[in-house]
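Chain IDs A, B, C and D follow the sequence of writing; residue 1 opens each chain.
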């Protein structure tokens, strides 16, 4: 059985610790929250691990992750291995890896998919870095990934950064799929030709082309709230959707579906659209078309 | 000087009568509104015209226009000419023309652009029908179209229906252009890098690639309301944008810009989006992402 | 065990007959192709069925289906039931149902999903029509649908037309999902950050948010042809995608993802784009930008 | 009359020198091309200018411009002024300005629109930087901008960077407008309802809502080549369209039209689309739909 230091015991990290322990691995967790942590500091956590150590970072992307990597650079030793399992931008990985490589500490980036269901179902994993480092961490990956053939829930995508790159694209696809279901749902609701919309969607779970985990989740949501009117059509976006679109720009790849899905989220968060005020103003100017006055 | 029967004296028809009379033509208008009409009924209007008569219809597209054509079929005589200057769908024209042709009455369809500015600036005209009918009505077209070379403000597009077809596509392009300006306006507003947004837009009126009448109108709107916050981003659509998209479908022509402009209008009118409620519900299901509850 | 007349023994109908017979039902098929038919004519097929008869139509949508319905109207008797399992437009269903109702013959429309895999996996079914007619045909539906709970692979969507409506929306969603995967695949291919693209996609099959039947099929395609370069990026569209977009127009529902997916198919079939020739011409006009001459 | 150093005498810079000289200004140009240059080196150019000097850079954006700024930092003196009139990304301007400010040299960024027509029509100008620097260069701006009121062809957009920002958004809008015309053109061509497409487009030049300089250029292009079939639908993109989309991402502003226009250009340059190969492969997998084999 392997031993792992795990930094960040939020929604994801906490569940991953559960799954790893259930598989028999030893996990020394660290979190600023004293209610969940197994150690009092990063230093304390590191001291509790036998070498060569493996430390998994599961903290927010960006500054928190970069800072954690820097601190680990000072605490770990030659031959140790750091895995960033958060949602970092893939360009951060090369920087993190170089910083640690200067101290002969290994680095892997690991995209982790599956959300709150991962604890029981396992997590889809996409890993970037050296094959020898991947090999070292394989017992951990095998415990986190779903049951079944390894290559259906885990991939070694390539060099450092490629794991997060694969996860970014995965999320871009996810944006598009979710929006496709969402448009279909709205069409069914609006047209009122189908009388029992939740039943139709539930009936798509077997045999159809659209059967998928997202469909299963939509069925679940409709079971709880058949018209989804307990919540608002207000949708956040995390970094991956934006980064996917940046990659489309950088590589001159048309991405009309992924961009449309991202823009729909942007629009969902606007109380009023400056763009549409401009269109209303133009119509009013040329055609004397009536406009809604603010405050009407 | 020519003589014209003009049915429909609303915002457009009223102004057209003014322009035609200013050019010296005789116009006998008919409208249900007694304050503006020149005749008490269609029959009365027709009786006041010398043959061969030319009658211009300027009433709402669809049923009102079709019904007016049918009534005229009973009132007019062989050799008369009917012109539909409204925003009819081009497929209506063939039906109207055939109905009148059975009585040897001519038919032209005429797309009219220019809005409330047409009275003074002239109207852009696109005409479909037989060349001999176009010739008969040319004094009317010449009075309605803008000053300058005839072929820069008037076209004979082809057979019956082609005038409205050209106008439909014109409006589809207009949707796209307006949305392009609108997105640019919102970006300038949102980024706050440009300090004086109205000045920048005003400064685009000469020398730039985007100089256009729509830009002039946007400048005018910003003169009156520099942040366009006296109105709401709520935008109606008339038939032409939808029909243009139907034509894209029917002809397998990609129309991503025109469709995006149309969908932006649809979205502008939604209080809350069922689609985005579905996306929010899915995110909540898989990730435990927080959602805005209705009523929050 | 039930008895069924089945008209149309092409790719779909042939497999459905296999599945129905494997379940113990008696199927009398009719097809113009003598190699596969069980009867020499529609009349012959009908004569081989005991009343009250159930006849399933599985021929191309549009004229062929409408004509088959009309012929069945002359051959069947009061109390018989016709099921259109093809990809008819939902507006055809009301017409078909009324025609048969005049002769007291029942009518159901049934959207069928699952493609060539349906023979073994079962077909996802969405049915529109009267509950009593649905009840009569339930043994057939139960044999065609996948194993598992009935309501996960079958739905009674509502009145006549709602089955095909549900199938149309299903296919619109499918278009969007496929395009989402397609854009992700192209991004992975273009960026070359991920070294082993098929392995990453294969590794998404378990635990991830995008796991789905379409993903499984993409994995299968990549197993056979890892860069998908044995085929061309030329994609047909059938009616459902277009009709879904028409519904979006008719109901003023924004459908940016589904429309983008449809337009991508349109564009994939163009050797050269008139639109992009116009953009090239404009750039050349204002900027003297070089253009590719035809034939270069 | 003012004196100006002008670096870069390509298509744009050469014409600007002509226009400035025609207005009576003294221009000392520098270009690596000995056929057009007025000086043998940057040093030589600077030596020919009286202080306080104004130097206009008109070289490609990115490295060439940044390097020229650095060299000018070594050659110019306190109180001199550098204007970057190229298509630099607005984020470069702050860096350039700071570098020069360390030597008390002023800096303005100036977006320049109008293409090859600017020599005769004047250029639309958008300037960022200190008001005092703008004032110094006003005689130059007045000579370059079009006839007419200054504020219709020139704007002081705000601080350093805002001129290029305004130009970037201008170009984003331009992308959308061009694509709108392009889609309209393709629809007219494809549907064949309008018999005389060039005549219809020519007839839009007066009175219509879409009248614009781009329309005039489209008319000009159609005069030369009525079906635009002397060129290919292959369209380059410069930085501004991509940067506009990046700004949309960074500011969470929906930009469906501008992104669609950019993606259409990306797609126009693809011989074959990996994305559409994936869609074709998927259709083949589930439906046995025929595919075009590469090389067919």
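Following the convention adopted for this analysis, a contact is a pair of C-beta atoms (placed from the backbone, for glycine too) under 8 Å apart; a residue touches a chain by one contact, two chains touch by 3 or more.
Source: prediction; values computed, not measured.
The set of chains in contact with chain B as well as chain C comprises A, D. For the touching copies chain C and chain D, the fraction of interface residue numbers used by both exceeds half; the interface is of the same-residue type. Averaging C-alpha coordinates per chain and comparing to chain B, the farthest chain turns out to be A. Centres computed as Cα averages put chain A at a distance of 38 Å from chain D.
Inter-chain centre distance (chain C to chain D, centres taken as mean C-alpha positions): 47 Å. If you average the Cα atoms of chain B and of chain D, the two centres end up 32 Å apart.
Shared interface positions of chain C, i.e. residues touching 2 or more other chains, are given as 114-115, 179, 181, 183, 186, 190, 209, 213-214, 248, 252-256, 260, 263-264, 267, 273, 275, 286. Taken as a graph of touching chains, this assembly is complete, with every chain in contact with every other. Of all the residues in chain C, the ones that touch chain D in their complex are 11, 114-117, 178-179, 181-183, 185-186, 189-190, 213-214, 217-218, 220-221, 225, 228-236, 256, 264-265, 267-268, 272-289, 291-294, 296.
By the touch criterion stated above, chain B contacts chain D in their complex at residues 90, 113-115, 118, 121-126, 145-148, 151-159, 161-162, 165-166, 169-177, 179-181, 183-184, 186-188, 190-191, 193-196, 199-200, 202-215, 244, 247-248, 250-258, 260-261, 263-264. The touching residues of chain A, when paired with chain D in their complex, are 209, 237, 242, 245-246, 248-249, 252-256, 259-260, 262-264, 266-267, 269-270, 273, 275, 286.
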